[in-house]
Amino acid sequence: MIVVDDLHKHFGGFHAVDGASLSIEQGSITGLIGPNGAGKTTLFNVIAGVLKPTSGRVYMDGEDITGMPPHELFHKGLLRTFQIAHEFASMSCRENLMMVPGGQSGETLWNTWFGRKRIADEERALKAKADEVLEFLTIEHLADHKAGQISGGQKKLLELGRTMMVDAKIVFLDEVGAGVNRTLLNTIGDAIIRLNKERGYTFVVIEHDMDFIGRLCDPVICMAEGHVLAEGTLAEIKANEQVIEAYLGTGLKNKAQVGA
Amino acid sequence: DGHAKEVKLGVEFGFTGPIESLTGPMSAGAELAMKEVTDSGMLLDGAKVTSIRADSGCIDNGLAVASAERLIAEGVSGIIGADCSGVTGAVLQNVAIPNGMVMISPSATSPGLTTMEDNGLFFRTSPSDAREGQVMAEILQERGVKSIALTYTNNDYGKGLADAIESSFKAVGGEVTIVAAHEDGKADYSAEVGALASAGGDLLVVAGYLDQGGAGIIKAALDAGAWDQFGLPGGMIGENLPKTIGPDLNGSYGQIAGSQGNGIETFTKMAEAEGFDGTSPYAPEAYDAAALFLMAMQAAGSMDPADYKDKILDVANAPGEKIYPGDLGKALELIKAGKDVDYVGASAVELIGPGESAGTYRMIEIKDGKNETIGFK
Amino acid sequence: MDLLNAIVAFLNYVFVPGVAYGSQLALGALGVTLVYGILRFSNFAHGDTMALGAMATVLVTWLFQSWGLSLGPLPTALLALPFGIGFAILLLLFTDRTVYKFYREKKAKPVILVIVSLGITFIYNGVTRFIIGADDQNFFDGQRFIISAREFKKATGLSEGLSFKTTQGITIITAIIVVALLFWFLNRTRAGKSMRAYSDNEDLALLSGINPERVVMITWMIVATLATIAGVLYGLDKSFKPFTYFQLLLPIFAAAIVGGLGNPIGAIAGGFVIAFSEVTITYAWKKILVYLMPDSLEPSGLVQLMSTDYKFAVSFVILLIVLLIKPTGLFKGQST
Amino acid sequence: MSSDPYDDRGNKDASITNPKGMGSQIPKSSGTSFSAPGGPFLIGDTMTGGYGKGPDILHDCTIAVEQGEIAVIVGPNGAGKSTAMKAVFGMLDVRSGSVRLDGEDITNLSPQDRVAKGMGFVPQTSNIFTSMTVEENLEMGAFIRRDDFSDTMAQVYDLFPILKEKRKQAAGELSGGQRQQVAVGRALMTQPKVLMLDEPTAGVSPIVMDELFDRIIEVARTGIPILMVEQNARQALEIADKGYVLVQGANAYSGTGKELLADPEVRKSFLGG
Amino acid sequence: MNETLKNTMLFGIIAVLIIYVGFVQSWNSALLIVAMGLISSIMALGVNLQWGFAGLFNVGVMGFVALGGLAAVLIGMPPTEGAMRAGGWNVVGALLLGAGTVFAAIILAKTLAKGWLRNLAVIAMLVIGFFVFRGLLDPAVELVEEINPAQTGYLGGLGLPVLLAWPVGGLFAAAAAWIIGKTALGLRSDYLAIATLGIAEIIIAILKNEDWLTRGVKNVIGVPRPVPYEIDLQNSATFVERAASFGFDPVEGSTLWVKVLYILLFAAVLIILMWLSQRALHSPWGRMLRAIRDNEVAAEAMGKDVTARHLQVFILGSAICGIAGAMMTTMDSQLTPGTYQPLRFTFLIWVMVIVGGSGNNLGAVLGGFLIWFLWVQVEPMGLWLMNLVTSGMAEGSALKAHLLESAAHMRLLTMGLVLILVLRFSPRGLIPEK
């Protein structure tokens, strides 16, 4: 579905993405892991059109989408969330969701003046949908709260909620789990699986929580220093020496002493 | 107090804005004439003249019109002003004409105002710039100047004057190497001087304001050693220029609207006694504007603009006894006695055609850091 | 010989004025950029702060002159400068106490502070005119030229003169010293670093034990110093006139923006870009070309890219082009 | 409409007004501290309070940590964990209750005075100086120290080698996890008497997380009490001497780390089973 | 206090102030304040749309206003006799050629492959085009400017009803905004500030220096009116009679009536614009704008074409300023390019928006009225203040004279004080965004 071909992204002299090639299967939930600074977020940003690659190409369903602006990619069904939450701070949580669907007739000026009826109907439907998503995320009580004034984790939820407002084809999740309560994260995981199964979304998930990755993802891609280090099932990855050394580590050294 | 009635005159000048430093002496000039008249006790059986100031902003039409409306509301019998030609036109069209109010501007010199439809309500004690251009060209020619560079302040005054100088000077066979505008109140004039110097010329004529860009241009030109003599039209004649520039200015020359005889000297002395600078540009004209109002009222025996507007030309022009600054009381007495007066005033007032000054000019040369009058035209 | 004449003409009409004007703008832009960078708003009152600081200096200068104090060839105003600076510091601290502090504590939106500073501008404006009037004031004394055009011509025998004014010399030297000091202060001292930290992340600065009020105070003191120096130098070079300080604001802001608002190096570079673009684009190159070209090729016109009417407009176009080529501003500002 | 009329800064334009706006914390003018002997080393005692004039978010919430201990706060999102931390640090009005440090009541002190008293804090968000280099960030951490801090800096670099590599880079250009390392490094530079961390491991890779926890243990063993909020709750509770579960601004469970880990209710509701 | 009540009260206060002016000064003054207040409100509405709702920083309001003024001249003034024949057609031709050159250069830049060859071709195209343009334009301009320079010396206008100039002024401003937007929007926002500031200066420079178009600094006087002239009314027997029946003398009656007519026209425009923008803003379109303002990156990722929306809003807001500019020139009956100053036409409008409450249209309108009222009425206030201060002093004392002399400067000072006080007690503006 997505094919990334020898992608490079340089910041000045620094090669954040350095020849990454990978492909994402339709209908999969692909995990993307790798040490801090491996270039995962940068790779996302390039695919999603926020950054222009230095070289290399990105294809979606065979079409070359390299450098296409994000809003066009959105309409092609490519959605993403942000590692650092990008809520619309002065809008209520519900509005944060309601603004997402594209092609709302109320978004053309002419209709806002002379097409009130149609807009009202659409808005009702949108509102119902938004409330449904909020409830799913267990933050329905925040519907009328300004999004700028909810907790860090709640912002993450909202971020995920936005992808649920439309029928996406592929969703890139950048560390939805960081800062989210584990119990809730499990619920999110269930939701992702359900979206994947029932609606056929394809997911690419960046996450540092191996349990979460393990529950959802197959296959898993591990990046390091801007390129793909290893690829396979989580079990294979976990057994990979290089991955252990660069990323997973071998657990706490001091654990024993403290407990005592 | 002992005055039978009160005559209110509006004084609408740009107390804030780009010519704020000129308007102090201008309004003082106008108020000097009012005071003189009040003190004489001769106007309309001892009327007291009071001035009401209002800000024109010089370049803010909206403000100027609002201020003028306020003056009307205060019940003025005439408006001295406005100062800059732009706002003058706005006030005239939008306030004076609709309300049938007379305006005498001491300083709006744009030729465009000459032909403006004014219902006989607009006068000015300064000549149109077209006239000064001719005079300056003659002076330059007499001095044997073959070529000039010309810079003007970028407003209707500067532009009109520059046009007039350029065409008149060319008509007498001179060469104008460059005509370039400068904006007032800018931080730096090296660019303008660079361009002017590159074009060259015997003399640099600066059609600007002495405490605005004009002075800046001269300073920059002197600093760069580009010229050491300058041609100075009326806007550049004033005490302040030699004072700020210093001895380097000696030898530069020019002209300003002004009368032969003792009008201006008397006025300057009177101003000094009052504590303001009578040589400041348009201060004499402002005095004259106020004087004209009051004499016309006396002549009409009424302070209603509709009555006295036709008298203004009468009192300003011959025949009659010549009236100079300080003589206002005498003049009012003469008028009351039914005699004719010919107001000369501080700026040699002679109103022609559409009610503007015909323009006599004083030739000035700067010697030892002073403006010396060296003749008349 | 012709080549020398051409060089001298270039230096005299383009280079020296450009450098001097550029230094003046740079000093002004530094003040604007500091307030923007650390206190986070565009300070419209900067022009009038310059005017007030300069005004105080002028008054003290007159006092000194009446006492017969002088610095020989240098202007007496330099002696009075510290007093002007002191006055400006007091003024700004007072303004901060009575006005800005309130909004800062309330975490007001930056744009509110911008408009408030416009209010302050009006007030300063009135105060300056109230005290010293709206007219030109001359307070320069001492020797006017380091090299005057006439002497230069006599000494060298060239037909072009080169003049270099004392004030230009002082301006350039002061600008260099001030800028060097400022950089040393911001990048090397504890107080300077705490200012940068505060400007970056106020909350975190608090958590590092930085006292915000102290940072604000130091900032205003530096800004007052810069403003007074810039105002006095400008006044010495041209003349002191309240209205022009307000007019200076536009080129100063342009300089600060093109250099990258919030970045001190940018402010300096921006000042020179503005100054030189104003001077060079509208310069009539005829004079120089006449020297350089053989007679037969002598230009007939003025060889002026644009008439001086468009001087300011042109310098804005230059700015735009600079920004289009270098999207971060000449130096990366804070605003990215 | 929000409670505070000054807080909205929706307009993100950067040309004439700085987009970052000002900070969000309102430093209170400092009052005095007085001695209040006894009790744990640091305690936020029955705190009640909220943001600005808004509703109470904390309800009689108590969190405390003893010398040499690690205390961990867990709880669902929006429970008020960060708020509790801020309240302890004086960045928020505590309407009732008190904060005591080492036998002193510091409820009325401003945050910077608390720093001077030896408290160090890593907030959950915007916890680095983005425009300053990594090294300058660490220096700012040591701002209140007058002694030579190069040793401490070397230790931080040992702990997070990547930071040494990126020493001269602006911290804002680092990846999410790298920023987190800078933030913790900055707090360590203070050599605080007590260290408060709000989700220090959010977004860091497993290997770094392990290192971080190791380091935290080490720090605690030198006698510095550590109070932290964690969503990687199981790992955190494993090393914790004391654990608090906060729900809707109130203490729901507390006990030793082991106890909480063993409590099936806690596991199910807050630790993800 | 409930919000509607508070807003009604605020507007009520303004009304009372204006009525007070009516009683104490004159109804002409009061109506003039209303008329200019309406125009100011419309400008503030435009800026508010850009800044309050989309976070676009436009500091070139002055330029758009001036373009509106230009429209009033080009539409309303009669054509200058013989100007078209003398050089007008050549001027038009030159302008078309100039536009064509730029267009061709853009096409060239788009079609040719990247590289120095392309740059060279584009530059050559532009340079040659520029010289041909100047070669054609300059002599034609000279011919036009020679026609009776003291009175005309320019092409004149189309002689159409001047009301038509209002929408056309909007179009002019929109066109300029489109050019700025195309180059500067969507890049860093500093660009927009500098670009708008710059374009405004350039527009004014053109108005001031291109005499063939606007008579430059010589001003165009006597732009026709959409309402009758007072003089004609005074001479019309029916009007005088009607006025007398209401107890007005002809002069007062006519001046008031003309202002009332203007006010009705302006109010109609304001109401229409208000209705359009309120509707638009309280709809998904407005929600989209707010989202963009809050976080452009996220809005882009949520499929909103940020650049296109920015361009749209920027053009709309600027067009509104252009309409207001045309209205103002119509009421002044003259175009005086020298009067366009950033302080008055850009920053004063900003003050209106911020004091009124950015992000709220009602606030913008309120701000427009209030600030304009202050702008023209603080002068008497300043004088009054000074009189009060000096009332205790000895007659003729130097200090007293100095203080009274400085009264004019009190205008700005008082303005500043009021500004700071309003913002102190209502920092998000008088009617804040909801």
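Letters A, B, C, D and E name the chains as they come in the text, with residue numbers starting at 1 for each one.
The rule is short, and it goes like this: a residue touches a chain if its C-beta (ideal position, glycine included) is under 8 Å from a C-beta of that chain, and two chains touch if they have at least 3 such contacts.
Quantities reported herein were computed from a predicted structural model and do not represent experimental measurements.
On a Cα centroid basis, the chain most remote from subunit A in this structure is B.
Farthest from subunit E, judged by the mean position of CA atoms in each chain, is D.
Subunit B and subunit E have centres, each the mean of its CA atoms, that are 31 Å apart. Annotation: 44 Å between the Cα-based centres of subunit C and subunit D. Distance between chain centres (mean CA atoms), subunit A to subunit C: 49 Å.
Within subunit B, residues 20, 24, 154, 181 each touch two or more of the remaining chains. For subunit D, the set of residues touching two or more other chains reads 5-6, 8, 10-11, 14-16. Annotation for subunit E: residues touching 2 or more other chains are 51, 188-190, 193-194, 208-209, 290, 293-295, 358, 409, 411-412, 427-428. Interface of subunit B with subunit E (complex): residues 15-16, 20, 24, 53-55, 57, 59-63, 65-67, 69-70, 72-74, 84-87, 89-90, 93-94, 97-100, 110-112, 114-117, 119, 130, 154-156, 158-160, 163, 181. Across the complex, subunit B is touched by residues 12-14, 17-18, 21, 24-25, 129, 133-136, 138, 148-150, 152-153, 161, 163, 165, 234, 238-239, 241, 243-244, 247-248, 251, 275, 278-279, 282-288, 302, 304, 307-309, 311-312 of subunit C. Touching subunit D in their complex are the following residues of subunit A: 11, 33-38, 41, 83-84, 89-90, 139, 142, 146, 149-154, 156-157, 175, 178-186, 208-211, 246-255, 257-259. Remark: subunit D residues 4-9, 11, 14-27, 89, 91, 111-112, 115-116, 120-121, 123, 126-132, 136, 139-141, 143-144, 186, 190 touch subunit C in the complex.
If you check the complex, the residues on subunit E that touch subunit B are 25-26, 28-29, 32-33, 36, 149-151, 208-209, 216-219, 221-222, 229-231, 251, 254-255, 258, 328, 331-334, 336, 338-339, 341, 344, 375-376, 379-380, 383, 405, 407-409, 411-412.
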